[in-house]
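Here it is, the structure in full.
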Amino acid sequence: PGASADDGGGTLRMPIAGIGIDSMNPFLAYFAGSLDVFAGIYPALNTVEQDGTAKPYLADSWTTSEDKLTWTFKIHKGLKWSDGKPITAEDAAWTFNLIMTNSTAATANGSLVANFASVTAPDDTTLVVRTKQPQATMLAVSVPASGIPIVPKHIWESHVTDLKNYKNDSFPVVGYGPWTLTDYKPEQYAKYDANKDFVLGAPKYDHMIQQAFKNTDAAVAALRSGQLDYVSGLNPVQYKALKGQAGIKAYETVGNRWSGIEVNGGARTRDGKQIGTGHPALGDVKVREALARAIDRATIVKKVRDNLAKVGASYLPPSLPQYAWEPSGSDKFDYDPAKANSVLDEAGYKKGSDGIRVDPKSKRKLEFRLGIHSDDDADAKVSTYLAGWFKEIGVKADIQAMSSSKLNADLAKGDWDILMDSWSTGPDPTYLLGIQTCSALPDSKGEGGSTDSFFCDKNYDDLFLRQQSAFDEKERAGLLQQMQAILYKANENIMIYNANGLAAYRTDRVDGILTGKADSTGAYPPQPSLAQYLNAAPANASSSSGGNSGTVIGASAAAVVVLAAGGVFLMRRRSSSDDRE
Amino acid sequence: MTHHEPLTQADPPVAVLPSASTDPAAAVAPVAVKPRRNGFGNFVRSFVRIRSGVAGLGILVVFGLLALCAPLFISGNDLDVIKVDGPSLHSPTDGYPLGTDQEGRSILLLVIWGARSSLSIGLMATVLTVVLGSAVGLVAGHYGGWIGKALMHLTDWFIALPSLPLAISLSAVIGQGTSSITIAIAVTSWSSTARLVRAQTLAVEAKPFIERARALGAGGPQVMLRHVLPNVTPLILVSSTLTVASAILSEATLTFLGLGDPTGISWGAMLNSALSGGAVTSGAWWYLYPPGIAILIVVLGFTLTGRAVETILNPRSVKTR
Amino acid sequence: MLEVRDLKVTYRSGGRTVPAVRGVDLTLDAGQTLGLAGESGSGKSTLAMSLLRLLPAAAEVTGQVLYQGEDLLTAKWSRMRAVRWAEASVVFQGAMTALNPVHTIGDQLVEPILLHGRRAGEEGGRTTEKQARARAGELLESVGVPARRMRSYPHEFSGGQRQRIMIAMALACRPNLIIADEPTTALDVMVQAQILDLLSGLVRDEGIGVIMISHDLSVLGQMCDRLAVMYAGELVESGPSRQLLDAPEHPYTRALSRAFPTIGDPASRMAPAGLPGDPPDPSALGAGCPFAARCPDVHEVCDSTPVELWPAGPGRQSACLRALPGFPNISTARHEIEPSAEGARS
Amino acid sequence: MADTIDVTGAVAAKAAGAPGAGRRRGSAFPRYLATKLVAAAISFLATLVIGFVLFSLMPADPVQSITRGRPTSDAQMAQLRRQLGLDQSVPERFFHFVTDTVTGHLGTSWEFQQPVSSLIGDRLWPTLLLMGTATVISVALGLWLGVRSGWRQGSWLDRIATGASLTLWSVPTFWLGMILLITFSVGIGPLPGFLPAGGMSDPAITGGLDHVLDVAEHLVLPCLTMVLVVFAQYVAVMRSSIIDELGSPYLLTARAKGLRDDDVRRRHAVPNALLPSVTMIFMHLGTVLGGAITVETVYSWPGLGQLSYQALKVPDLPLLQGTFIVFSASVILMNLVADVIYRFLDPRVRAQ
Amino acid sequence: MTATTTGTVLGPAAATAPALEVRDLHITYPPRAGRGPARAVDGVDLQLGRGEILALIGESGCGKSTLARALTGLVEPTSGEVLCDGVPLRYTSAALKAHRRKVQFVLQDPGGALNPRQNVFDAVAEGPRLHRMKDGLEQRVHTALSKAGLRPPEQFLSRFPHEMSGGQQQRVVIAGALALEPSVIVADEPVASLDASVRGEILKLVLDLRRDLGLSSLVVSHDLGLAWNIADRVAVMYLGRIVEVGTVEEVLLAPKHPYTKALLSVVSAQGGRGGRSQLLQGEPPDPTDVPEGCRFHPRCPLWAGLDAAGRAEAGCDRRTLPVLPAQAPAGGGAACHLASVS
């Protein structure tokens, strides 16, 4: 089966992103696959360029009031939903208001509007957003993929009452974007037609098909055999394998994710009550420092990621170069087992007869649970390295593989010592930084909270508040860098590496894919779709068609028939000649 | 419904005899000169005649020895990720007859080492299965009444439960790891042993020699221990050989699905990391074939051995699994 | 009609050979009934089944089985199949299991009629299903089973009824010969008597030749014109039934006939007749007379000399040296055999 | 007496649990069916208990799982907890669980935020297609081979069939899938792969026959994998049933009647040997279902098996629970069907 | 009509009491799939005197084995009682154990009655071991084997059942019973599965045991010839009841009950020496469906020969017969309304 290149612009074929589509309902879905779909079929107020700057989309321009509390967006005139109804500011206002007032609608994106006081549409082209506090991140609230998709009010109004069960499956789905969703089969595919009038420039393909592949290997095989034009999310081995292959271009993009460990430095509630069963020694910053110094990040990058990653340090990933921060000089916790050992020796952690150190205060051995995600094979690999290195400094790590739900439950209760974790972020890092604030700790009953490592630091919280209303990019970047420095020093979140995004496409089929490099000039990972959709063009090379299903089936059927006939004939002959019993 | 011939009928009706002797006394009383049938010796002789069984046993001996002796020729450093220095995911070369994995460890050594956990989980799960299954089967078969009925229904119900989904659910709930896999396998497979043992117990209990024992004054426990158990044991052994085979397969499957110990070395885990590490795409056949073939061979070894033993004990029916 | 010459059957199993039939000659005329007696394992069934080549592949058959002059052992299989049931049918030992449990008895009766239809149809045309059903009904009625029960399955009948259905089936194609292998063994005395009565009536009316096998000489005596006694795969005695029962020549026949006492005969009152020793193991036989080990009148030569069937009176034969007119009359046997102590022999 | 022992034995085994009332004739089938239905219902209830115990009482906090990685307020969490009924007592929860399940409500997936029943509904058809095709093919192939090889034990066909089925049985399904995937889809060496690497259809191909052919093409590999692993069981079952029948006197009768060897096998041996096989076949469907999980995972087949795998990864307990219940229910249903079919096949039981 | 002299002895001294006795014994098996309850033994009075050999004869399914099992305490009666030496048997495990030391059971199929995994020594020693007769166990086993005719015993000790012929197996079973030094042996079809030529030897053994040890035996069989061979008295059973009882000569030479007569006629016809056999019509009876009145009447040739008036007068289809007393009057007793008529 090959791309049906016969009807003009051809078809772009790619896998559904990530682990798939959880729902087609934009108020509920949060899988990368779904967000990717919405980016193609629902509009946002603005887009974000690869360098992090905001660019128009539905809104042509925007202004902020003096007090920084009121934002006024000018909506592009004359745009039409795919069913021909005009797109107005009212659609956007309605969408925001629904999320602000309806708890079901808030499922996916509620936090993005948490600071909103009101959203109104005084006329068809004006959208006014009033916030409770100044919000520097306003231009990240409604962006493709990671922000709030704006839906047509006239379609969704009637589904408000049953929002939870509404599957949004009447095709073609009314929306606006480079594509119109014409068909979708769960776990199988999503089909699109191009929107030739798209405001940011029409896609160069007429159709797009996203196909579900549950494992990347299958997708890679499909890419090789020509069933797919483009695959992302490769692992290093797949990447290497595709790298040398003719007709295929494999490329790296800059990483938007950190992978590392979290250390339980003393789990507590918002009002300071100790909870959980964390090891007391981990409350000692010296111990955490020793752990940080025991990890040979470069080796992990080399062995686990095949050098397709950046050695981790700062809390924010390299995909946000504008906020980048790096430790320097003596502040740096480099791999240095000797130093780590001496730090522990000085702090009074003596080695026992078995080579494991003992905490002088609690008299407990430095024997830590190292929780890993059982479904993440990188966790499993990295943890075996960690356990080995920790042993060198007299610390025993007891690797415990857990399901995510168990891990998360343990985390929230403080019943853990060290956990492997990994977070990615969109263009705005507020959420990622927010989970390290004191207000993310659980309440006095030990419930709620979204803390990731029970980190809580007064200075950090101050900086966090300040950056929220820092409208000057430079100023905000400075604040974020200070925050990262605090996190780095505390060593409760020890970054190990930032994996590069790995992708490949067929050069004989596609052109114009943004590849970039594995640095700040690379494609902006969380938003590949929109950029790729608009840039990708059919290659000039004659599109080779992978085998023809008809012939294959015909041939196999013929073979089966011949075999069967032969068998029957043989049997017949045998039975007539040799019929004794 | 599996139909198992009672073992007592399995004994050949005519004992294996040496060729006719010229000694007139032998001709006079053929029965008297029959050598005392050495049960085990005879068993061995019959076993040796079944080639597939010998092959199966050979496989098991080889793998068993490899697994047992592995620590003698594999040091911790060969398998410790922070110590090894081989090339990453390299095809077979000198020094690495089966190539290396991503961490640069020798696949050959990993496969040998993997035999330890695959075999031990298989055996542990089998022991659990057989103990549980035999106990339930014996009790259900021996005691009629509601206990027996209830146990029988429980057994039948468990047999009907789809085992992989149950095992998956179980280990998802009790947490990942070797022990939970072992438990999951035992919980999902004891029932067929129980049914087998129950059927066999019923068959044995229907034999006249049980009635004779009772007529001689034996009570329930004596009947169970002296008569039922010895006659059921061979069957339990056979079925346990076959249980090991399926336990090893289940172990591989569950580990492959990510329910095992992700940092442990077992065949299933190797295949899991081969798939997730992209060995299929990169054509790293040396990472994909050895663990799978090892599973195949060992499972086949247990199956062949089990079938051979069963053929001897019960020539009429070759058991179906 | 049937002549068996030097028939030998040897079973091979797992490297072992069991000579089950070791050279048997028999003749049977049309309409004659021959009884074949002998204890368990003496090769009766093997002999009977070999006549129609119904033995498993593990059995090696040599000799000749001449049916109306044609050697069945070398005949083509297609010819063999034509002979089966149409010429010679079989009534098996266990009618409970000889009927297929999943087919109605009607179907099972009709099956051979249709199969051998050309013969049964007389006119040369194929028998139609309808004709076959009608014939099956008649047959059932003739053995006392209502024809309406054609649609019943075997398990719905009692043991006696099943055996009668088996007999009806054997008659289905009007064969010339019926081989009845212990047709009544598992049945009660009374039912047994009913079946024998029925069978003898039917064969007499139709003039069918019968070979009937039993371990019970008295049952055979009631039914058969001639008797043949087998021991360890060989015939040891044959002759007209009355003579054979009243004056057995062979010591084994004598023991066998005394094992079933005549009620009212004071000689057997409180004196059960037995034969010391155990039945022989066919795979471990020596050169001499196979019965020598148990024979109360054994002679030195018996251990070494193979004993053949000798004529022993009009129409009679016996495989005992003592039946020979010129046999030296030795008064004492070699062994003094303690009665009732078989263990003492060795 | 002796002649009825095996018969009544079989009957007693089949009709176990049906208390033999004093009645002798009459509405035999409805009563039989009723007892079987009741037994099935009890089994289902027991399955629900297991499902509930396994999934609803486990320690992990579902709310944490659901909200992890998503900005959620404390109020939202509390509301979720209420929605999930976590504030109810255990008996209450069990009661609701049973009533919900029986009325087709299997809860809401944590991962997909959709009713589990609709998720399962979406994926039922692909699984049915795959399993149905694979089962039909493997049953047909397995029975045919089993009959042939059992009938002539030790023949070349028997040795090949037994050897092949034993070997294939010893192969882990997922591994076989991976190997076939490499061979036929990725291609080895100079040989290019020519079959699709995964999924159920090529979305670019639409309309009637083309679509059907396309699905068939996608079906080849997963189906082949299933068949290869599963047919061995049917070969073994049928072979041993046939061997069990081989010594039966009624086969001797059939031979003595002058039937050809083929007819003896077809008309007499096979119908009898089928009886035990039917039950075994239906009982094996549970294993086959299990195989769906790995096969669908390897081939990205959009069915229930893959859904359970996804649920397992999280683990998404309501979804896992839902698939478990559906799998178990279908096996219970199959056993019920087996009982009914058995009854029609075996006159001895039918007359009961 | 039968005479009704009752031989019931009240409070007999142990010495004069019969070795084994049953009084008004009823045994009903619970209903099985599709069938009603089976009245396997349906009112039996029977005595086994000391040193007596009693043959119990009847066709398949008439309840012989059930009665034999009841005598050894293997089946608990639904009603009625079993007395051993005049003492009613109680069904506690201790009492049963004690009873089984005195009354031993020998089963029909010696091959099946021996555990295939026990050798001869263990099989014979099992009884003494169970009864904790540890002293001189080997001697005891040797003696028992010799008494059962397996001489010299050493030769057999280590053999397994499949290494012996049927006759030898049966002797081992009997030796196992003798090892407990019982006073009564109940043998259920002891020779039915043996070859004709071996049968006589085993029967001789029964006679020898009485001569040497004074053992009483109840021998169950369907074979009238066996009774003639060894028994003192015969009881003929039909559908759960004894229909005729008496000495062997009385019953076998001058049968009163039409059933006994029919049986005898069949047997002598088969011998090829007697006259025509008198065949009974119909199928063997079914204990789940016992006919009204005389249970034999549906198959009774006498009843069949009666005209309507005769039938009305005889009333075999209505009038229930009393249980035949254990002590039959001289000349034997028969449970038949028409016995005197014939």
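The chains carry the letters A, B, C, D and E, assigned in the order they are written, with residues numbered from 1 in each.
In the analysis below, a contact is a pair of C-beta atoms (placed from the backbone, for glycine too) under 8 Å apart; a residue touches a chain by one contact, two chains touch by 3 or more.
Predicted model only: the values in this text are computed from it and were never measured.
Student: By the touch rule set out at the top, what is the minimum number of steps from subunit C to subunit D?
Tutor: Step count on the best path from subunit C to subunit D: 1.
Student: For subunit C, which other chain has the most distant CA centre?
Tutor: A
Student: Between subunit C and subunit E, what is the separation of their C-alpha centroids in Å?
Tutor: 32
Student: Indicate the whole-number Å distance between the mean C-alpha point of subunit D and the mean C-alpha point of subunit E.
Tutor: Those two chain centres are 54 Å apart.
Student: How big is the gap, in whole Å, between where the Cα atoms of subunit B centre and where those of subunit D centre?
Tutor: So the centroids are 23 Å from each other.
Student: Any idea how many Å lie between the Cα centroids of subunit A and subunit C?
Tutor: Roughly 87 Å separates the two chain centres.
Student: Please output the residue numbers of subunit B that touch at least 2 other chains, ranges allowed.
Tutor: Answer for subunit B, listing residues that touch two or more other chains: 31-32, 172, 258-259, 275, 280-281, 283.
Student: If I count partner chains per residue in subunit D, which residues reach a count of at least 2?
Tutor: 181, 186, 255, 260, 297, 309, 313, 315, 317
Student: Among the residues of subunit E, which ones contact at least 2 other chains?
Tutor: As it turns out, subunit E has residues touching two or more other chains at 60, 155, 165, 168.
Student: Can you tell me which positions in subunit B touch subunit A when the two form their complex?
Tutor: Counting only subunit B, the residues touching subunit A are 80-83, 88-89, 102-104, 172, 175-177, 258-259, 261-263, 272-273, 275-284.
Student: In the complex formed with subunit D, which residues of subunit C make contact?
Tutor: That would be residues 49, 52, 54, 81-86, 89-90, 92-94, 96-104, 111-112, 115-116, 153, 155-156, 159, 162, 169, 186 of subunit C.
Student: Can you check the complex and tell me which residues of subunit D touch subunit B?
Tutor: Residues 13-14, 16-17, 39, 42-43, 46-47, 50-51, 54-55, 58, 166-167, 169-175, 178-179, 181-182, 186, 233, 236-237, 239-240, 243-244, 247, 276, 279-280, 283, 286-287, 289-291, 293-294, 297, 308-309, 312-313, 315, 317, 320-321, 323-324, 327-328, 331-332, 335 of subunit D touch subunit B in their complex.
Student: Going by the contact rule set out above, which residues of subunit A touch subunit D in the complex?
Tutor: 1, 3-4, 11, 13, 19-20, 22-23, 25, 28-30, 103, 106-108, 110-112, 114, 164-165, 167, 183, 185-189, 191, 209, 211-215, 217-219, 221-222, 224-225, 227, 375, 403-406, 408-409, 411-412, 423, 431, 434, 443, 447-450, 546-547, 549-550, 552-553, 556, 575, 579-581
Student: Note which residues of subunit D are touching subunit A in the complex, please.
Tutor: 59-62, 64-65, 67-74, 76-79, 110-115, 118-119, 122-123, 126, 181, 185-187, 192-205, 210, 213-214, 216-217, 220, 255, 260-262, 264, 297-300, 302, 306-307, 309-310, 313-315, 317
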